[in-house]
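Listed below are the structures to be examined.
Heads up, the next two complexes both have subunit A, just with different partners, subunit B and then subunit C.
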Partner chain A sequence: MFKNKNQPSGVDTVENAKSEPDKDQPWKELGLKQDEYESIKEILGRRPTSSELAMYSVMWSEHCSYKSSKIYLRQFGEKVTPEMKKHLMVGMGENAGVVDIGEGLAVTFKVESHNHPSYIEPFQGAATGVGGIVRDILSMGARPVAVMDQLRFGAPQDPDTTRVVHGVVDGISFYGNCLGLPNIGGETVFDKVYQGNPLVNALSIGALKHEDLQLAKATNPGDLVILFGARTGADGIGGVSVLASETFGDEGPTKRPAVQVGDPFAEKVLIECCLELFHAGVVAGIQDLGGAGISCATSELASNGGKGMKIQLKNVLLRDESLTPEEILMSESQERMCAVVPKKKLKDFEKIVNKWEVEYSVLGEVIDEDRLYIDWGHEEIVNVPPRTVAHDGPVYDRPVEYPKYQDALNADSSSKLKRAETEAAAQLMELISSPNHADKSWITNQYDKYVMGNTALAMPDDGGMMRISEETGLGVALATDANGKYCYLDPYEGARQALAEAYRNVAVTGAAPRAVTNCLNFGSPENPEVMWQFKQATAGLADACQELGIPVTGGNVSFYNQTGETAIYPTPVVGVLGVIDDVARRVPSGWQDDGNNIYLLGTTYDELDGSAWAKDLHNHLGGRPPKVDLQKEKELASLLYGATQQGLIEAAHDVSEGGLGIAILEASLRFNVGARIWLTELMERDGVNLTAALFSESQSRVIVSVGREDDVKFQALCEARGVPVLRIGVTDKENQAVDIQGVAKLDLAAIRGAWAGVLPGLY
Partner chain B sequence: MPKIIVEIMPKQDLLDPQGKAVANALVRGGNKDISGVRIGKRIELHFDREVTEKDIEEAKKQAKEFLSNDVIEDVVAVTVEN
Partner chain C sequence: MRIGVITYPGTLDDRDAQRAIRLAGGTPVPLWHADDDLKKVDAVVLPGGFSYGDYLRCGAIAAKAPATKEVIKKAQQGLPVLGICNGFQVLVESHLLPGGLIRNEHQHFICRDQKLRVENNQTDWTNLFEKDEEIIIPLKNGEGGYIATDDTIKMLEEENRVVFRYLELNPNGSMNDIAGLTNERGNVVGLMPHPEHAVEPGFGPDTAVATRSGIDGLKFFQSALKALVNS
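For the complex of A and B:
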């Protein structure tokens, strides 16, 4: 059908916006507040067109603009010293932080939430969560080398948990396994606070040579703006503003907008295609398309480069021809990238994408003007300053209020709980067979852990470790942690603890901690008590990073994690990246040889508030979380590093949730090597009773096994570094049991039976 | 054998990676006029007796709530072969 070129198509144009200034617009339905709508009008000097409204609404949503968290996130940039930035090649604000690891190599890593989509459609939600974070890593110029997932599910027995667990685990394994990326670790926690709002955080790591670094910038006028990868369809339209920023009702998944469907095989091709484009040097800037799709990519590329763009939206390749311009701008179709390509490189660009059979279209070009123009055919539908869309969105200093329940919560100590020491063995067995401490291999075995052959450590070790250089063995270790219970009791201390534990988990692998990423999962920012939690947690994390001397390189905030009025526990997932000069020196979390000495490093205090012992065995949560002493963490990490460099340590395992008792069982189960343990000396030295010795969750503690021949050297090293050390047992290969004197002799087979059968039994 | 046949398709506006892959293969194989493929599924519910109105009602309910994922799929037909 032939249409007159100059006939109006009926879309809302800039012209219309001027001639019909009073038109009613659905700003409220798009999630904007009255004053936000007014400020858009102020910026433009007129009402926005419907396309502009779509762009602003999606880019000014909490998910994209960080409007409630920005004022707190600044401290991650402010509380850093030049020393901390020494290894940082790219810091916060880009798609992901980049850290120099030496030998001309760098790694980039980031964790992001995909919580709400994963509740609505667990399989595709979790799958596209993996796909999204992998594209973030790719857009820095890196080859993605591994993924990890931090999962929080509702009560283990609830039937809806079954739906979510199966969907999420299947989705992650589907996407990650199809991409051929190893999944090297993560977390799985069950608690009824996550019932209507599970947390699905996805992390990816990528490796690159220094010279391959790419940035999301459009700096040269005349360069072409090219969209490539999958076609644009009606996937997750409004997903960003509607899905990610509103709360679920009590009645469950009633709001069911279109979700995104991922295609990992298309992403795999896109990865290889992008890497070839980078190496050929044909790309001047690149941005992945995630939430807010084309709206985000065009405005951010232009804003980051301090330039403008002129875009022809009709050039976007569509899967569905009936899409309106507003929908095209907001679509969250997966597996798309936006590149800025110098005109003279277009031929080279085409050659490479054609080779990979990746579709592309030139959308427009970079202009030397602070303006983003988008046309629909001959009609102008967007004419805005790109910075106002991408970076100068609203910033809120939301009301903060000390929670009314907080004092009573902190006063409700676990000291009132009965400590039946004769039942210690039974309690230990009950804990190891509770879903939070049971074997997670039912989940992790569904993921490829060793594909590509560079995985040095993976679950169930404390941290994941990847070899980056096959020539020298240079590698990185990564661990993530967050204890929602501690953060609920004290968000400041809880966030510090999350960092301390991730730091320690990296240190026990033999790597030196170097950089931090985070994914801050909280309730509604419109609730002043939640905002207080957020304020405390970010301050705690920023202070702790400064004290440990490792910078935050990037991260993500997820608000509105709640069902009805009930928010989740504040859950700031903290990831720490460490560097190891040769992965051959890695240390596993379980003992292997017979007759090695087992040492406990650190001091045990009577700290059972917020512990697994209190919560999982007595259904009690109150009091104060364990104290964190970061100076001690530093000394401990430096001791572990020194000892592994000298090859003194056979195994090292972090003592955290569940306490020393659980740590000993886990270290024994790892390679099926038992132990004889005595605790009387520990109880005397630290002045604690048996329950505290076994279940206290005091920080800065690690158990290690050391060969007899290295004993003197190891003890001397501990003394020199001032780290408390106490021999608490020996490894025992013969007996196939964990014999804790004065408690019980527990058969390894019985422990394994109780530990391994839980998740397969539930799901 | 009496049976109820439930046909399910991915929602019209969602990506269908399987369909896309097959469409590409068909075009590569020379079927230039095929402009797209979408792949759904056919589910047969077998009975050892005649299918009743009540069975059909129940099948429709199960088709919507259990056999399909109504976030990403549509039930396009529920038919009977007696």
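For the complex of A and C:
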């Protein structure tokens, strides 16, 4: 890619750039467009040096610059009311948002994609996805305390899915377990639409005291810029540009060298080392090195602080001495951090990194000038305004077009599908043993959920929950959701639904929802129909956040999830964080006691379009997704919170994909305690038939089990909050069965057999 | 009573072990791998994790650490030592316990609530259990398959040095379902499952009564305190 290395004159300097203005440069190979290259020349008043070109190419990539999404992401900030900001300590734009949870404590959380590398090289792609998001959390001054992952794979039986599933799960397991972070939940969905474009999103959460907050800023001239952690190697070069910001095609060389290689041991040591540095007050600013490596860290630290830097690139410690300056600037080698350290603290800094046997080198210092100078020995190879690299990249208002297929898709309702009510029991069994609804413990059992001793809830419960304060029991709950099918049918409603479901999944644990993160996975922004989906989904999500009163604190956009002309379903993964004053009040997703009443909260409508019943049983996807009423969601969440505070609820489980039938089976499987269920009253009250009663995916619904002694109190509470409540059954420890009157008595052992054997059978 | 917990680079469950000691009524004392001063502790826990990244072989580098060398010396004189997971691997690599631990036979890391039978309640770490008591504590490992020569297995069985055996499911292909061992003297115990993750209601394994309420691991640490009082 870079010819300079072999030229006798050595590197391409600023002086060369002036004296040889017409030299051909590989801007296209680096993923830049012609007009982008022209504007670099305009900014600099000359052609860029090859090092500058390398920096701009990675920092102006879609992945780093958000150039196609920026104009839509703004509304997450614009649609925030002062009330919503009450708990927000750091909002969007930093490495991760920070939310006050009380008692002088805060948490930071974010979800990020690592989709493209995870297809090319599933093990390392997924592993470094975990590593990257954890460093984002660390760089806010927080101790990372948990991870979650949101996975989308292709058709379950496809041989290539086997390759991806094994690699991705092994990678997450390897990296997360070695880091000592409990994995507390996530999602796994199979659909052939993700065949060539699996999604691997990773979420991490960290905890900190208010006073420990760190920011990625270089504000004091004279402070030292220090790179520490792993050495810089040749891995991940161009990861953000040529890999993450392009559509997969059939041609071209392998992109495997653009995938990073992770060493979780190095990261574990780096975490402990950083936390000790923070607590010793040695660091004035900190930035992790992920996408775009040193290019990103230096330009962002300088730009954020409104200052400049003078860097000696020869000081970077290398794994391979033959790396060119351009490669060093672009390398995405993992487990590296960049700190800004006041000169008088250097001794303290050295003492701590030496204790942890972490390597470091001083690259240069902060200067009081709006300029980033990088030298290679005695030659100047970069001389740019840092803001133009880090923040003032191109912004595109891409063409948007209502998809040609959309009207026909929405008209193709599921109402034409035959509803064979005598087959309801068989359909329920078929659904619970389909890969999307089957037991996921083959995956989740490969993750450590116990380490740190603070996990209050983890999979298969609806949300993960961590204790943050060992003294008071103060904790947080987290859930993530995205239904790609709904978003394909209607991206605006689908995005609102993703938020509603994550919000509900936090509420069922007993926590109060407080903040949002998202990872927006879409096809190519160069396709106007994909841009329409993106526009609709971001509007839907921003509107819904405003209506629910919880702000987006940060997130990530992943475009180009498409192979050739085929894009994935729009998949905006939404994560909601909730706060609970004492995790001892948490509510699991299944019942354990005998003879408790089972209630359905909410109303069931005939909503089978886009459902698991339609797609997984009838291979049909069309019509309109279920309607979302956020006022109802709020009332439901407030009821659940109130009931949990009074200790009235034994178990609570969200009714979502697969409908009430699947929810009942899951709640019974959780502790292997059965239930007797009757649906006639429900069918009469809501005017639905048996198929809809069992499989409709109407929103704002939850099943709960309540001890008999708390019945009156609970029903009164529902009435006071205006939440529809109906007793639909009782828990039954004796029978070891789920007995749905008028449908079938399903033996628990048989259900478990059908449910638990699916993934081990496939993989 | 002061019980030391060694932190190696890559150790993960050190704070969990410290919490377990505290909940059992002891005083946890953090020990650093590079330091040969064991701070006059009365017993030592080698916690779980991936010491030195598990490079070379799990536990192999940690077995040569200055703190470990002190532990080996003191263990031979009777200091109670518990090795959990990676700590068990360190004990095996240190030759305080025989045999070896290899990659799980199914090739995957596994985390599950594991049922065990306490085969030997005469050690410093199991004296509060009933003989043949069945307990549930979390297990989480990638390299937990116990192997040894036929002669060693025979010797361990004959001398009643198998302390814990996996019940219902052998999660990693260990020979004779061996989950944990002791030395001749009964002061050194190593096992793959994690007692320190089953010490506090709300954060342990599920039980038949309530979610995550299992605390069977607490007796390990209480046993050590009892052994120390009686010694």
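Throughout what follows, the second predicted complex is superposed on the first by the 746 of 763 C-alpha atoms of A that agree within 3 Å, B and C clash if a C-alpha of one lies under 4 Å from a C-alpha of the other, contacts with A are read in each partner's own complex, and residues count from 1 in each chain.
One rule holds in what follows: a residue touches a chain if its C-beta (ideal position, glycine included) is under 8 Å from a C-beta of that chain, and two chains touch if they have at least 3 such contacts.
Keep in mind the model is a prediction, meaning the values are calculated, not measured.
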> So, A:Thr517: does it touch subunit B (first), subunit C (second), both, or neither?
Replying inline: neither
> If you stack the two complexes on chain A, which partner ends up touching A:Gly233: first (subunit B), second (subunit C), both, or neither?
Replying inline: first
> After superposition on the shared chain, which partner residues are touched by A:Ser57: those of subunit B (first), subunit C (second), both, or neither?
Replying inline: neither
> Between subunit B (first) and subunit C (second), which does A:Ser303 come into contact with in this model arrangement: first, second, both, or neither?
Replying inline: neither
> Is A:Cys178 touching the first partner subunit B, the second partner subunit C, both, or neither of them?
Replying inline: second
>> Applying the document's definition of touch, where does A:Thr603 land relative to subunit B and subunit C: first, second, both, or neither?
In response: neither
> In the superposed arrangement, does A:Ile120 touch subunit B (first), subunit C (second), both or neither?
Replying inline: first
> For A:Phe265, is the partner it touches subunit B (first), subunit C (second), both, or none of the two (neither)?
Replying inline: both
> Is it subunit B or subunit C that touches the larger share of residues in subunit A?
Replying inline: C
>> If I apply the document's touch criterion, which positions on subunit A are contacted by subunit B in one structure and by subunit C in the other?
In response: 263, 265-266
> Considering the complex alone, what residue numbers of subunit A touch subunit B?
Replying inline: 120-121, 124, 230, 233-235, 256, 258-263, 265-266, 319-320, 333-334
> Can you list the subunit B residues touching subunit A in their complex?
Replying inline: 10-17, 20-21, 69-72
> Which residues of subunit A touch subunit C in the complex?
Replying inline: 170, 173-174, 177-180, 263-266, 268-269, 356-357, 445-457, 467, 470, 583-584, 586, 588, 592, 671
> Within the complex, which stretch of subunit C touches subunit A?
Replying inline: 9-10, 12-13, 15-16, 19, 48-50, 52-55, 108-112, 138, 140, 142, 194, 196-197, 199-200, 202-203, 206, 208-212
